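Both complexes shown next keep chain A, but they swap its partner, so chain B is in the first and chain C is in the second.
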Partner chain A sequence: MIFAVFLPLLFAIIVPFLSKAKHKIHTGIFVVFIPLAIFLYFIRFIGDDFTPLQQTYNWIPSLGINFDFYLDGLSLLFVLLISGIGTLVVFYSIYYLHVSEKLGHFYVYLLMFMTAMLGVVLSDNVYLLYTFWELTSISSFLLIGFWNHRERSRYGAQKSMLITIFGGLSMLGGLILLSIITETTSIRMMIEQVDTILTSNYLPLILVLILLGAFTKSAQFPFHIWLPDAMEAPTPVSAYLHSATMVKAGIYLIARFSPIFSTYEWFFIIVSIVGIVTMIWASYMAVRQTDLKGILAFSTVSQLGMIMAMLGFGTEAAIFAAVFHILNHATFKGSLFMIAGIIDHETGTRDIRKLGGLLTLMPISATLALFGTFSMAGVPLPFLNGFYSKELFFDATLDLEQSGGSFISFLSEAIPYLAVFASIFTFVYSMYLFFGVFTGPKKLELLPKKPHEAPIGMLLSPIVLVLGVIVIGLFPNLLNGSLLTHAAQAVNQAVELEHVHFWHGFVPALYMSLIVVIIGLILFLTRKKWSNIYHVLPGKFSFNKVYDKGIEKLDTYSTSVTNSYMTGSLKLYMSIILAVILLATFFVMYATDGFVLKTDNLADINLIDLAVVFIMVLAAIATIFVHNKLALIIITGIVGFGISILFVIFRAPDLALTQLVVETISMALFLLAYYHLPELRKIKDTAKTTTLNTILAVGIGTLITMVGIAAHSSNWFATISDYFVETSYKLGGGHNIVNVILVDMRGLDTLFEITVLGIAALAIYGLIKVRKNKEAE
Partner chain B sequence: MEIIILILAGILFATAIYNLLQKQLLRIIIGTVLLSHGAHLVILTMGKLKRGNPPILDDAVTTYTDPLPQALILTSIVISFGITSLLLVLSYRTAKENNTDNMEEMRGETNE
Partner chain C sequence: MEKPNNLILQTATSLIAFILLGFSIYLFMAGHNSPGGGFVGGLVTAAAIVLLYMAYGIDFVNKILPINFRVLIPIGLLVALLTSMGSFIFDVPFLSHTFGYFEFPFFGEVELATAMLFDLGVYLTVVGVTVTIIISIANDKAA
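Here is the complex of A and B:
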């Protein structure tokens, strides 16, 4: 199984070499065998006696992150969809993409996506699931932006990236919480610990985080906005990623985790409402679109909403209907996207306003589209699979449990009406799609190309998919026992083998279907009359605007925030640093009651000491007020020499000596610079800055004094200097303890202090001598 | 005595910070010089003051002042001297090249 998952990725390595010869053989011809092989490998598992299969390979065992693959009915359904439609899409792309395109890139991305998607549906390990999940986002990003010279492609790619990665990261949060609570990384182990999870305090948070991941990926309201913009991708990509596989990853996620959450009432409320709202809003918006792929994108969103709602219901009938519809939707939506691509390819436009009357010019495409659209609308004909899933959907809405709080029973009552309402618009846009393109007056003068039927190779993939529509339509129970029931049981174990019938007798679901068809027909025929409603309901408002404004505002606000403090003024940065030090240290001192003052162990005070200190204080304060640079230098010198006198008083002869020498040299240096530096001026500051500077200066000064006193007053342990005193002569052979410490006991300090001086000297030399710009001198 | 020295160090720090927050290069350098003086005094005070003789071994003496802070300060004095001299030359060059010693006028290239 691991080999099947990674086969596309491994093959992607040699694709670039194959694409070198693309003018002789289209690269897709090599690639098409990969998904085919995977499809053939997995189709063996179909059967009534299917038992789940598990395989584990170590990756990071110490963290519980392994390649745990688990193939149950649900995974099998998805794996077959991914590999099967993958084969058809690659085959279709051989005819769709011209050899002048960057085929190497295209197939590498596509194969990357295939591995990612197979990984998502086969992973049993939450972290593995997340890894593949993000890989689908990345490869989808690359595929949407395939024609990266187009502005719209880049916009669409970025938008889908931001939204799906946002969801992916939320999901990661949820998964981490789950794995912490259950102390396992395996999804099946988590399902076994349902009670632990359901009694956890974090349950609402986990649910919201995981649902965010699923809703963004599956383009649920209000995160659906990325999907219509993702239509800038090449049509095979739209057909594959954005109708059949990737957008169902969110559906898969919900289905996979619903054994955990399904008994939690908020799961029912949130998922059902979001699903139904998505379904209604997207089917309503689809009627307004003029781009074929735009209609299909909103239609996909709407159908995903329907599946999502059924997963939210969580009843046996609903789960089976959801699984059934996953399969059906993949067949008819895939074929419709391919036909939209064919129309685009053969006429040069996807604008439905320019198209019309193609029935006689493109009869095969028209026939295929007829089956696709009618199945999507759920027209009651026995050879269209869409009808069965719609019937099952209506059935499911009707037998919702009425138990629970008043809100839940209200919701259960309302859902059937909302479902019918959404289905009416589904009917309208399906009819609009078919009749708008293939019937009516021919508008050949508007078309960039002269339309004609597509080559058979291009038609083959949609033909296979439409055959799927018809076969499932004619024999709706064909896959029930061998595949669909197993899939449904993975979601809800109570599901039993069901038989889908075309004719149930006169049951409510049938009346609902008839209502949909009748009102749908009326609305479709009078479409022009009521289409003004779109000026009222979405009107100027749209979620795209919210998104665009959000991105724009985020950009401007973060720029203005950054600019507000990154002004380029060192003085400001300095003030901020000092203020933070000041506040933080004072806070810590205050919070820990850190200030201590002990006066019992102090040295005595002489008059001379006081005099020196007094002079130094005067000199230090004077530096602020002196505006003559010579005076300033001399006053600073007074402080320095004062220090060396203090060193004498405090019995540090070496220090006094060094300080004296260093101070003298420093004075000389200052005086040297004196000639060259400009005269000091009084630079007038505003009163506010002066006050602020004063506060900071006094604050830091006080802080140092306080910290110093507190440190001095609290004696935690004895000094280690006794050791130096004792061993200075014995071990170091010297009487001057300070010097022994410097060159013997802590000689490394001295070595690097010498290095510092050396570097400083070299730097000074460099600054004076080296001139990059010779002419400046 | 320790408390008086710590207060002196505090005043040195305060005047140093005030000078650092000025705009002229020379004042900023003076600020760093005062800051290192303050720091040296704090280090010295932490090892207690005036306890015993200078740390030079003598058979007649039993108590010495703490030699370790002195060694640390000695290292520090040399390093801060190196830095001060580098800063001086740097500011001299900067003032020459930019024809100004006002920090507020030195902002590099503006972005975008």
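Here is the complex of A and C:
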């Protein structure tokens, strides 16, 4: 199985070499065999006696991250969709993409996506799942931005990237929590520990995080906004990623985890509501679009909402309907995208206002579109698979379990009405799509190209998909036992083999379908009369604007936040650093009761000490008020010399000597620089900053003093100086303890200090002598 | 530094400089047993040299002391480092020092310590650093 998953990625390595010869032979011709081989490999597993298959390859065993692949019914359904539609899409792209395009890039991204998607649906390991999940986001980003010279493509790619990566990261959070709680990284092991998860305190958080991942990927309300903008991608990409596979990754995720969450009432509430709302909003918005792919994008969102809602219901009928509709949607939506691509290719526009009357010019496309759109609308005809899944959907909405709180029972009552409401608009946009393009007056003068039927190669893929629509429509039970029931059982074990019938008597679901068709027809025929409603709702409001404004505001606010403190003023930075030191140290000291004062360990103070300190304090205070630089240098010197006197008093002759000489030298240096020092100005600060600075300075001074006192008052250990006193002569052969410590016991410090001095001297020399540009001063 | 023509300063310097140099050598040598050491010794030596520069001007001092003080910095660092690494020869850790007492004619018994060699490195570096900094700032005409 691992070879099946990584085959596309491995093949992607040689695609660039193949694409060198693209003018002789289209690169897609080589590529098409890859998904075909995978499809043929996996189709062998279909059968009534299917048993799940597991394979494990080590990757990072110490972290429990391995290539754990698990093929059950649900995975098999998705794998077949991915490889099957993948084959058709690659075949279609051979005719769709001209050899002058960057074919190498295109197929590398597409194969990368294929591996990622196969990996997502086959992974049993949550981290492996996440790895492939992000790879789908990245390859989708690359594919949406394939025509990267277009501004809209880049915008759409960025938008989808931001939204899906946001969801992916929150999903990672949820997966990590899950694997911590259950102490396993395997999804199946997690499902076995449902009770542990359901009693965990983190359950709501896990649910929200994982749902965020699924909703963003599957373009659920209100994260659906990236999907219509992703239509800037080449049409094969839209057909593959944004109708049949990637957007179903979120659906897959929900289905995969529903054995864990399905008994949790919030799962039902959130997923059903989001699904239904998505379905209604997107089908309502789809009628408003003028771009063919725009309509299809909103239609995809709406259909995904429907599947999502059914997964939320979680009943046996609903799960089966969801699985069935996943298959059906992939067939008719894939074909519709390809037909939209053909129309675009042959007429030069996708604007439905410019199209019309193509029925006679493109009869084959029109026939295919007829099946696709009517199936999408759920028109009750026995050869349209969309009708069956819609019927099953209505059935599922009707027999929701009414247990739980009053809100849940209210929701269960309302859902059938909402479902019918959404389906009406689905009907309207499907009719609008078909009749708007293929009937009515011809507007040839508006079209950039003279329209004609597409070449047969291009039509072959949609023909295969439409055949799928019809075959499933005629024999709805064809794949039931061998594939769909297994898939549904992976989601909900209670699902039993069902038989789908076209005619099952006068039941409520049939009436609902008839209501949809009748009201839908009326609304479609009177569309022009009520389309003004879109000026009221959504009117000027749209989630795109929210997104755009959000991105823009984020940018301006973060810039203004950065500008507010990164002003370039060193004074401000200094204040911030000091304030942070002040607050952090104070709170740590305060919280740990660090401020202590003990007076039992103090030496006596004599008059000389007092006098020296008094002079130093005076000098220090004077530095604040002196505005003459010469005076300032000398007064600073007083403090330095005072310190050396203190060293003498406290019996540190080496320090006193060194301090004396160093102070002299630094004063000499100050005086050398005297002429070049800037004029001391009285800095015109506002009263506020002056006050703040004063508070800060006094605060830091007080704090350091208190820390010093506290440090002196708390003696934790005996000092090691006794050791030095005892061993200085014995080990070091010297009586001067300071010097023995400096050159012998702690010679390493000294070695590096003289290195520092050397570097400083050479740096000063360099700064002064090596002036390459004198103007720069 | 301009060449000054200050007789009193020059006369006093010719005396003081040698006292300073002598004192600095005393500080350096005595450092192991009484206050002093390579650092202070080096600073005082540098003070003597700077005094010479101040009194006699740069050209004159360069003539009587043909030393490139910048080169003293690496030499000093090298002396200190090699002393530290000398311990490897005797298979003891880096920077292990030893000392011993030796009988010399005329001086009598004298203590010699490898720490002194290390201190010599410190001394040379400090002299080089201090003189380099002061001379290069003082001679900076460009600004």
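Here is the rule we use: the second predicted complex is superposed on the first by the 771 of 777 C-alpha atoms of A that agree within 3 Å, B and C clash if a C-alpha of one lies under 4 Å from a C-alpha of the other, contacts with A are read in each partner's own complex, and residues count from 1 in each chain.
Note that contacts are C-beta pairs under 8 Å (C-beta built on N, C-alpha and C of every residue); 3 or more make two chains touch, one makes a residue touch a chain.
All of these numbers come straight from a predicted model, not from anything done at the bench.
Trainee: After the match on chain A, would you call chain B and chain C a fit or a clash?
Mentor: Superposition check on chain A shows chain B and chain C fit without a clash.
Trainee: Determine, under the contact definition given at the top, whether A:P363 touches first (chain B), second (chain C), both, or neither.
Mentor: The answer is neither, since A:P363 touches no partner chain.
Trainee: Touch check for A:L742: first (chain B), second (chain C), both, or neither?
Mentor: It touches chain B and chain C both.
Trainee: In the superposed arrangement, which partner chain does A:K769 touch: chain B (first), chain C (second), both, or neither?
Mentor: So A:K769 only meets chain C here.
Trainee: So in the superposed three-chain picture, is A:K571 touching just chain B, just chain C, both, or none of them (first/second/both/neither)?
Mentor: The answer is first: A:K571 touches chain B but not chain C.
Trainee: Taking CA centres, what is the chain B/chain A/chain C angle in steps of 10 degrees?
Mentor: 20
Trainee: Let me test your reading of the model: by the given contact rule, A:G732 touches which partner, first (chain B), second (chain C), both or neither?
Mentor: second
Trainee: Once chain A of both complexes is superposed, is A:L751 in touch with chain B (first), chain C (second), both, or neither?
Mentor: Second partner only.
Trainee: Which one hits more chain A residues, chain B or chain C?
Mentor: Comparing chain B with chain C, the partner touching more chain A residues is B.
Trainee: Using the superposition on chain A described above, determine whether A:P222 touches chain B (first), chain C (second), both, or neither.
Mentor: The answer is neither, since A:P222 touches no partner chain.
Trainee: Could you say whether A:I665 touches chain B, chain C, both of them, or neither, answering first, second, both or neither?
Mentor: After superposition on chain A, A:I665 lies in contact with both partners, chain B and chain C.
Trainee: Which value, in Å, gives the least CA distance between chain B and chain C in the superposed three-chain arrangement?
Mentor: 6
Trainee: For chain A, which residues lie in the overlap of the chain B contacts and the chain C contacts?
Mentor: Looking at chain A, the two contact sets intersect at 653-654, 658, 662, 665, 669, 672-673, 676, 735-736, 738, 742, 750, 757, 760-761, 764, 768.
Trainee: Okay, in this complex, where on chain C does chain A touch?
Mentor: Residue list for chain C touching chain A: 27, 31-40, 43-44, 46-47, 70, 73-74, 76-77, 80-81, 84, 94-95, 97, 99, 111, 113, 115, 118-119, 121-122, 125-126, 128-130, 132-134, 136-138, 140, 142-143.
Trainee: Which of the residues in chain B end up touching chain A in this complex?
Mentor: Within the complex, chain B contacts chain A at residues 1-27, 30, 33-34, 37-38, 40-42, 44-58, 64-68, 70-71, 73-75, 77-79, 81-86, 88-93, 95-97, 100-104, 106-108, 110.
Trainee: Can you check the complex and tell me which residues of chain A touch chain C?
Mentor: 653-654, 657-658, 661-662, 664-665, 668-669, 672-673, 676, 732-736, 738-740, 742-744, 747-748, 750-751, 754-755, 757-758, 760-762, 764-765, 768-769, 771, 774, 777
Trainee: Which bits of chain A are touching chain B when the two form their complex?
Mentor: 568-571, 574-575, 578, 599, 601-605, 609-610, 613, 616-617, 620-621, 623-624, 629, 632-633, 636, 639-640, 643, 646-647, 649-655, 658-659, 662, 665-666, 669-670, 672-673, 676-678, 680-681, 683, 693-694, 696-698, 700-705, 708-709, 711-712, 719-721, 724-725, 728-729, 735-738, 741-742, 746, 749-750, 753, 756-757, 759-761, 763-764, 767-768, 776
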